[in-house]
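Chain nomenclature is as follows: A, B and C, assigned in order of appearance, with residue numbering initiated at 1 for each chain independently.
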Amino acid sequence: MNELTADNLHLWRGEQHVLQGVEFSVRPGQCLQVMGANGAGKTTLLRALCGLAPLEEGRVSWCGRDISVDPESYHLQLSWLGHDHGLKGDLTAAENLRYAVSVRRRVRPDEIAAALVTVGVPDLAGQRVRQMSAGQRRRVALARMTLMGGALWIMDEPGSNLDLLGQELVSALLRTFLDRGGIAVVATHQALDLPSAQLRPLTLQ
Amino acid sequence: MNWVWFHRFGSPPHFYRLATGMTPWFAWAAALLCIAGVIGGLGLAPADYRQGDGFRIIYVHAPSAWLSMMVYVVMASSAAVGLIWRMSVSHAIAASCAIIGASFTAVALGTGMLWGRPMWGTYWEWDPRLTSELLLLFLYLGYLGLRSAIDDTGRADRASAVLAIVGVVNVPIIHYSVIWWNSLHQAPSVMKFDKPDIPASMLVPLLMMLAGFTALFFALLLIRARGEVLRRERNARWAADALNVAAGKV
Amino acid sequence: MGRAVAALMTRDLRLALRRSGDTLQPLGFFLVVTTLFPLALDPEMSRLREIAPAALWVAALLSSLLALDRLFREDAQDGSLEQLALSGRSFALLLLAKTAVHWLLTGLPLVMMAPLAAMALGAPVASVPGILAALLLGTVALSLIGAIGAGLTMSLSRNGSLLSLLVLPLAVPVLIFGARATALAIAGESMSAPLYLLAALAVLSATLAPWALAAAVRIGLE
């Protein structure tokens, strides 16, 4: 069974001891909501869970295996949404999605169109990302999350720049994903509209 | 295979104590060997039949040139160890090597130019060894530049380690390409001392100077690396204790 | 893996086409620099022919350096590089693909314009195939070596001339063999020795650079 486990994570950022022995374990159908003040290390923790930031101590395991042993097969299970949306301004929404997803798997044009409908921007397929608002870009990036597949979503402030409807969209996407047995780790200040059985809060000091 | 020594070496307080203990040995060895080498080289060795007394600068030039290369290899190896086993002490050693290596390279260049004046009649000649030394100096400067451009110590360690490894693969390629280039354009240079018939009275002081400079390098490296480790661990309890001990001694 | 590489290369090529102005700058730079040599020296062909290899290779080196800074910087800033790092595909291979596109866009046009520049500097027509071969191999090696430097400096805001300081000393062997091969081609002699050495450099960098490149870019992403 899939499981994401963190054992005694320690990480320094310059002088600061940001992560001081973080521990948790998330199972299918659960969402770990990471909270904490600015600078508490939310982004750092998420990047460490992805394997982007090196840990000083401790280990992150996926299905009981240290993620640094075989990062590529771990990453195939992972979809990541960071602070930066990872879209190219000179490409259209549909092109962005096609190229980004094709790096991992074969994707059909109708899947892309359907994903853009799901995130509520069906008309933007042919529009260049440069001309979009910040909220529209965020929605396109969310569409990429749904297309990338995998059993683990890690998202850093998915609701930033989104209006109320957008916040609801994030929760709805998460619900669908968790109901299919996905595991999510989300750093956000906003309340997620999820059943309390699925929500696991983690507050960083 | 017993790896305990390796892990102990990687522990900063252990390294600090080890370095503190070993520094005087290297420093004394360097002093004695260099004094003996200077007496032998400048006093006892006969003047060269062709170059007169001018050749005596070899006693500084050759050891510096040798170290300029060796320090780069030491730097790249310890950087690689730091990158692979993620040992901060190893990175601290690599970081301490750079400025020492750059200094030896500069000394080798400077003495090479002084030597060139009586030999070639000019301070600078596009001799393959001097050109290699100059390029090596650029490599050291690039390493130092990259290090100082990155604020976070951990990232600076890892990025400069990659650069040092790329550099050490390239050093021989650069060296031989420069020799190849030179062989097309110029007659063989004066600065060839790999003749086997060099008399013992010249050779022995040279070997002493080589050993002395090498010991000097290790003494300097230990002093710098010790400071570097202490700087990195300045918030740790053992570092405060070590500083108190050092202050109490004074 | 083939699909992943193809998708990434198509993406980068399409992006470059949409901003062709930026893409052609290094080529313009190459031509301007080679034009400066006759102006700084004198327009007598026999003297120009002597400095033609030096002028061509220094110009090629500088213009490939000019384009390098952009190789990873934008992708690092907009987050698409970390998407690639987490795609679950070989990062080294993906970065090699990006470098290949970079060469197609900056190295190859330069190689194609080089005969023109060489003949303007007095090189005979018969030397053109040799010059093309040398520059083809040389620019491949330069792109690969330069990519490592670009990866190491991509996340530094104030890198200034650091990239040049890192890359130029490493590019010296390419410069030496390339200029020598070009000189032999212009003189009408056999250029096989430096050409083989250039080929060896290109092969060596193609095998070793991807590893260093992936390590450098990962550190930049931390």
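By definition in this document, a contact is a pair of C-beta atoms (placed from the backbone, for glycine too) under 8 Å apart; a residue touches a chain by one contact, two chains touch by 3 or more.
Computed from a predicted model, the values in this text were never measured in an experiment.
Q: Which chain wins if you rank chains by how close their C-alpha centre is to the centre of all protein C-alpha atoms?
A: Per-chain C-alpha centroids ranked by distance to the global centroid put C first.
Q: Using only Cα atoms to place each chain's centre, name the chain farthest from chain B.
A: The chain farthest from chain B, judged by C-alpha centres, is A.
Q: Write down the chain pair with more C-beta contact pairs when A-C is set against A-B.
A: Most C-beta pairs in contact, of the two: A-C.
Q: With chain centres defined as C-alpha means, what is the inter-centre distance between chain B and chain C in Å?
A: 33
Q: Chain A to chain C: how many Å between their CA centres?
A: Their C-alpha centroids are separated by 37 Å.
Q: For chain A and chain B, let me know how many angstrom lie between their CA-based centres, rounded off.
A: Chain centroid spacing, chain A to chain B, equals 48 Å.
Q: Counting only residues that touch at least two other chains, what does the list for chain B look like?
A: Where chain B meets two or more other chains at a single residue, that happens at 154, 158.
Q: Would you give the residues of chain C that are in contact with at least 2 other chains, written as numbers and ranges?
A: Within chain C, the residues that touch at least two other chains are 222.
Q: Among the residues of chain A, which ones contact at least 2 other chains?
A: Touching at least two other chains: 54.
Q: Inside the complex, what are the residues of chain C that reach chain A?
A: Chain C residues touching chain A: 3-4, 6-8, 10-11, 14-15, 18-19, 77-80, 82-90, 94, 218, 221-222.
Q: Which residues of chain A touch chain B in the complex?
A: Of all residues in chain A, those touching chain B are 12-15, 54.
Q: Which residues of chain A touch chain C in the complex?
A: Spelled out, the residues of chain A in touch with chain C are 47, 50-54, 72-78, 80, 82-91, 95, 98-100, 102-104, 106.
Q: Quick one: which bits of chain C touch chain B in the complex? Just the residue numbers, please.
A: Checking each residue of chain C against chain B gives 148, 152-153, 156, 158-159, 162, 165-166, 168-170, 172-173, 176-177, 180, 197, 201, 204, 208, 212, 215-216, 219-220, 222.
Q: Quick one: which bits of chain B touch chain C in the complex? Just the residue numbers, please.
A: 83, 135, 138-139, 141-142, 145-146, 149-150, 154-155, 158-159, 162-163, 165-167, 169-170, 173-174, 177-178, 180-181, 184
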